[in-house]
Each structure stands twice: as structure tokens, then as C-alpha cells.
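Next come two complexes, and both contain chain A; in the first it sits with chain B, in the second with chain C.
Moving on to the complex of A and B:
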């Protein structure tokens, strides 16, 4: 496929560092859109603030780079106003579940037909490596120089509990699986989430002595456990493991289907 | 009983706002419950699905503001309504709409502050937040009704101005006007002037979303209509993409300020009452303008030559209209339900050439006509 067809080439080079996984996610997203044969005019890519949220600037769709944490709020209005648009939100761990956490759970509860790709790198990369809501306990960030005292969010389980129709987690190392999950998410009616673990060697890797981008990819390769296998393991055995797979895949009426019923009832008064 | 005139209603200010929005073409409302604005949401939750629109109650005020921007970008006229605390929460996204030039209408039904303040009592203390509540320099339009009918008319005007100037427009009402039931006669829908955003006429490959046009208002393409472009709250150049070029940054930022200022004569609306042969000018807006009008009537009946200038547009500030009338009088009285937010602007508009007497109240009670009359008499 011709990736350049989907890229705003004049906006290159991108801002992502050497070894960052975000470009791998972007490429997967473009592969899936190409496979689905969607017209570029029918796709909207919406983001908040952060490294991952710079994605919209690079892709030749209707693109909206909103305020920090609010991508889903803007995307909700856009989707309702133009239901024929395929609305895809690209966001990071801090953007999605710290400042944007409220919007994230409510968009899931509402089951609005939007797909969210979360580039989870355990850190605030753009501001230089501060602790995020997914940074593991006792790992280092510039604002947790002696280790993170907080417990991390499990984004996929959060999305599942909040009511999303589709939730999957993978890593950028498992790029074929990433393609599959993103395709399933993009074609799912209702709220769909793909959490992709993406290495940040510049901040998270450096502060926690995890090596370069390749070393961090190898870590993903060697420490990934499928949901099925994870069910057989003890919490101790699962420590430091990345549990991947499809957490939720269900058919349920989305927001707009319910709203159509509201419209019908409003005409009967 | 059959009404003799089907267009006549007893209507609450908040209902008039909701009905004005529908008349203006609003088909998307996102909100969050907050006293004393909630009836606007309740009426639109009922009415919008009936007219092919969408109502959504979001998870907070910030989300509601984001959703209306998203809907407007999708080509649907959109509004949110709130009061003080929610208005504070919306400010960052109001700035986004100003920066990215997305037309939206934000209603602030003012109640006492700061903080949670007086949820069920009147205030006019968000006037400066309307002007400077979000960070950065930007133009803004804020309107202020003082009757139920004006609430209807100015809601329509708010949509028209937002569409014409690609800017957020703030409708600054207050608890009294919002909950006041008045008899109003609504205009025939066919007589209502509606302005829609100017769309690009060039083919998509030639579209420059933030072009430096002669009018300073570049045409706006809706998402999903073949014009793929980038919208960001970052400083951007005419293409809409982020830039660090100081000349490009300045060019765009000066334009979003200038596009309001240069059309201020078109935007500013004031109303004069008994301003012929006057010695004292009362300047008022919103609920307080009702007390002020009564005070001026009482003053005239007692042989005091007082007049009223009612401000229906607050931002851009009617400094030209005020300066002209100020030449005729020796004193100005500014009653308002805050500690002098607009009085300060009046002093600035008149270069402090004459005394500006403040009549202020911040305890949730309105200012009475007699209190204003006392200030007129001096």
C-alpha cells in the first residue's frame, strides 16, 4: 500500500524520538484504513494534547487537535453532527485517563460509535517524562524521582467496566495483532478501544534504565502474556507481565440507536 | 381557551432562550445541569428531537463545551448553557473556539459568586470573565438581554454573529431575566433574519482555512464535506497547521482580534431611553436595566432630567456610544450587580472626564429603582 497517500508529507519530519513506538501505531492505523477502503473525506481523526496527539497533524483526513484530555468530548459532538464520519480518537495514557478520564469512562458508558486508539507509553513524554496514571508503582519519572507511590490504571479493564463494546490491548512489537485489533475496533458499532503499549526510550526507558527502543521492544516480546494464559497464572507470576488480547467484543445498541428511539417518542407527544 | 393571537405566550427567560436557539437554527445542545440555567437544557431536551436536532447531557461543563465545538465543526449550529462555576470550567474550550474560529453560542445565566456562591440568586459578576476568562488575547462578543423578548431576540442574534464572525458568542443573562415570566409575542418565523457561516467556494485543493482575506473572516468548511484540513488550538498559520514563525503567529492573532474590532459598529447594540435634554445618564444592562428604567421615569416625574443607556452588547464595549452621550451630562450612574466591573469600563470610555457613580450589590438581591433614583438625585 502507499502510506504516503495518507500522510501530509510536508509536515514531516514528525516530532517523535528515535525508538518511540508511536510511528508503528500510526502505520498500523493507516494500513487498516487502507484495507477498509475508506474515503479520506469520510474519516476524522481527533486528539488531545501530547506526543500521540500530534498524530492528526500528519494524516490527510479531517483532523482536529483539541485541548488536553478533551478529544472525546469534541469527537462526541462531531460524531452526532456528522454520523457518516468515521471518528477516530488518538490519545495517550495521560490524555485519555488522567485529565480526560471522566470523558473516557462516560464515552464508554454512552457507547457512542467512536474508536479510540490509546498509545500507552507509561509517561508524559511531551513535557519531558512526568509520571502518568499508567506508570507502574515504584517506577521512576521526573516527578517521582524516588519511585511512583501510586498504583497504575489498567486502561483496558477500565474501558471494559465502563461499558465499551470492544476493548483490546497489544503492543507495538505485535504489529500484526495490532492491525487485527484496530480493524476490529474501527468496524465495531459502538465505543471501541485499542490500547497499544508503545515504548518511550527517551523518558520512561532512560529514567528506568530499560535500554534503547529495540531493548524495550524485546521486553514487550518476552513479557507478553495472552488473556487466556493469564487466567491460569497467579498474581505473583503475572507481576511485570503485559496481558494482551481482546477483553470485550459484544454487540449492543449504540448511543445513536437509542437516540433514534428518543426522536420517535418526541414526535408522539 | 383559544388564544386570540397564537404568537403570544407567557414565557420564562430560559424558555425564550431555548426557543430563540431553535428559531436561529440551533440543532445541537450539550449541557450539564446548573442552577439557574437548567431550564434551557430541559426545554431543549424536549424540543430538539422534535425538530431534527440532538440534545446531549454531558459528564461535565468542559465536555459540554467541547461537544458543541465538535458539532459546529461538523456543520451543525450548537449551543451550551451554564452559570458561574460552569462558565469558569468552560473557559479553556471557549479559548479554543476563539483560536480555531469555530462558531458556538455559550449562555451564562449569572448567579452570585465567587465559587459556588449563590446558586439561586441574581448577579452580574461574570462580565469581566466573559471578556477575559480564557487565557490569551482574542476578540469576543457578549450580549446581554433585559427582557424575555430580548432573550429570544439576542439568542438568535448570538447565533447570527457567531456564524458571521466565526467566533464564540456569549449570551450573558442573569437569574432574574432567566426566571422571569413575561408576556411576549414571538415574531413570525419568516421574518427572522438568519445568518449562516460563509463556506468556501474554491475547490478543496485551493482551500486555505485561515486565509488572510479582505474581510478578516475566512470562509469555513465543515468536516466531512470534502475539505480535509487541520484544526488546532496551537498557534497556526493560514493553513491551520502549527507554526513557530513569529510573523505568521502575529498575523493570525492580530486578525482574530481585529475581525471583531473592525466590525464593532455592526455588532454593538444599545438602546436609549429619555436621553433628550438630560443631566444625568444611567448606564445599565440585564435585570438592572429594568430598575434603571423605572428610576429614570421616577426622576423625570420629579423634574430630574435623567436618561438611560441600556447596553445590549457588552463586548465589544460600546465606548463610542457612551462617550457621545457623556458629552451631554455632568454625571453618570452605573448600577450593576457586581463591584463595578462595567463602571470601570465606563470611566475608561469617558477618560474620567466626569464622575461615574457606582451603585453596586453582591448579596443576591436586586438593585431597586429607588436606590438608583437616590444616585441620580445625588
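Moving on to the complex of A and C:
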């Protein structure tokens, strides 16, 4: 496939650091859109603020680069106004579940037909490595120099509990799996979430002595277990392992369906 | 072997940030790191798996399969 067809080439090369996984996620998204054969004018990519949220700047679709944490609020308005658009939100762990946490759980509860791709690098990359709600306990960030005392959110389980129709997690290293999950999410009616673990060698990697981008991908390669396999392992065996797989895939009426009924009823009074 | 029968690996040297991912993960060790960007050191060893292209975060590698292989893949 020709990635260049989907890129705003005047904005390239992108700003992501060498070894950052965010570019690998973007490529997967473009491969899937190309495979689905969607017209560029029928796709809208919406983001908040962060390294991950820079994505819309590079892609030649309808794009919205909004305010920190609020991508889903903008995307919701867009989807309701133009339901024919394929609305895709690209966001970071900070953008999605710190400042944007409330938007995230309520969009899932509402089950609006939007796909969210969360580039989870366990840290605020763009602003220099502050702790995020997904930073694992006792791992370092610039704001937790002696280790993070908090427990992290499990984004996929959070989305599942909040009511999303589709939830999956993968790493960037397992790009074939990433393509599959993103395709399933994009074609799902209702709220779909793909949590992609994306290395940030510059902040998270450096602060936690995890090496460069290559080392961090190698870690993903060697420490990933599927949900099925994880079910047979003890908590000790699962320590430091990355669990990937499809957490939720269900059919349920989406927001648009309920909303149309409300509109109909209001016409009858 | 005729070079036309093997996949062509191209590096966009303007976009490559020399992260080394392609060099480390190519199963056939086709690429090596040069001074400023990755280089195709052993083009004849390429199997056309596109591991380097798919893992390159910088859109800096393109692998073009030879016509015969491309047709087979289809």
C-alpha cells in the first residue's frame, strides 16, 4: 500500500522521537483504512493534546486537533451532526484517562458509534514525562522520582466496565494483531476501544532504564501473553507481563438508535 | 540471482531517524545502521516479509515485492 497517499507530506517527517511507537500505530491505522477502502472524505480523525494527539496533523482526512482531554466531546458532536462519517479518536493515556477520563467512561456508557485508539505509553510524553493514570506502581516519572505510589488504571477493563461494545489491547510490536483489532474496532457499531501499548523511550524508557526503542520493542516481543494464556497463570507469573487480546465484542443498540427513538417521540407530542 | 527477482528495500533518508528498529528486527539481517540512517546492506537476503516496513515508525522504509511474488501473494 502507499502510505504517502494518506499523509500530509508537507508535515513530515513527524515530530515523534526516534524509537517512539506512535508512528507504528499510525501506520497500522492507515493500513486498515486502506484495506477497508474508505474514501478519505468519509473519515474524520479527532484528537486532544499530546504526542499521540499530534496524529491528525499528519493525515489527509477530515481532522480535528482539539483541547486536552476533550477529543471525545468534539467527536461526539461531530458524529451526531454527521453520522455518515467514520469518526476515529486518537489519544494518549493522559489525554484519555486523566484529564479526559470522564468523557471516556461516559462515551463508553453512551455507546456512541466512535472508535478510539489509545496510544498508551504509561506517561505524559509531550510535557516531559509526568506520571499518568496508567504509570505502573513504583515506576518512575519526573513527578514521581522515587516511584509512583498509585495503582494504575487498566484502560481496557475500564472501557469494558463502562459499557463499550468492543475493547481490545495489543502492543505495537505485534502489528498484525494491531491491524486485526483496529479493523474490528473500526467496523464495529457502537463505542470501540483499542488500547495499544506504545513505547516512549525518551521519557518513560529513560526514567525507568528500559533502554531505547529497540529494547522496549524487544520487551514487548518477549513478555506478551494472550488473555487465554493469562487465565491459566498465577498472579506471580503474570507480574511484568503484558496481557493482550479482545476483552469485549458484543452487539448492542448504539446511541444513534436510541436517539432516533427520542426524536420520533418528540415529534409526536 | 537476478536482482529484479528480489524485493526492493528503499530507505527515505530524509525521514529516517536511525532508531535501529529495522536493523534489529529484520529476520534476514538485510539492514545495517550507517552513520546517519539505516542502509540496505544485504538486499539479496530480503524475503519480502515487510517486518521492517511495518515496524518503521517513521514511514522511512518501503519494501516493493517483485512482480512475480506480488502476484503470488495476491
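Note that in this section the second predicted complex is superposed on the first by the 269 of 269 C-alpha atoms of A that agree within 3 Å, B and C clash if a C-alpha of one lies under 4 Å from a C-alpha of the other, contacts with A are read in each partner's own complex, and residues count from 1 in each chain.
FYI, a residue touches a chain if its C-beta (ideal position, glycine included) is under 8 Å from a C-beta of that chain, and two chains touch if they have at least 3 such contacts.
This one's a predicted model, so the numbers in the text were calculated from it and none came from an experiment.
Of the two partner chains placed around the shared chain by superposition, neither chain B nor chain C is touched by A:206. Shared-chain residue A:157: touches no atom of chain B or chain C. Counting residues of chain A touched by each partner, chain B versus chain C, the larger count belongs to B. When the two structures are aligned on the shared chain, A:241 is found in touch with neither chain B nor chain C. Shared-chain residue A:189: touches no atom of chain B or chain C. In the superposition on chain A, A:27 makes contact with chain C only, while chain B stays out of contact range. Of the two partner chains, chain C is the only one touched by A:175; chain B is not.
Shared-chain residue A:139: touches no atom of chain B or chain C. Of the two partner chains, neither chain B nor chain C is touched by A:229.
Touching chain C in their complex are the following residues of chain A: 3-4, 7, 12-14, 16-24, 27-28, 172-173, 175, 212-214, 217-218.
Contacts from chain B toward chain A in the complex involve residues 28, 30, 46, 49-50, 54, 56, 58-60, 62-76, 78, 92-93, 96, 222-226, 228-234, 241-242. Residues 14-15, 17-21, 24-25, 54-60 of chain C touch chain A in their complex. Partner chain B is touched in their complex by these residues of chain A: 8, 11, 40-42, 44, 46, 56-57, 60-67, 70, 72-82, 84-85, 102-103, 106, 259, 262-263, 265-267, 269.
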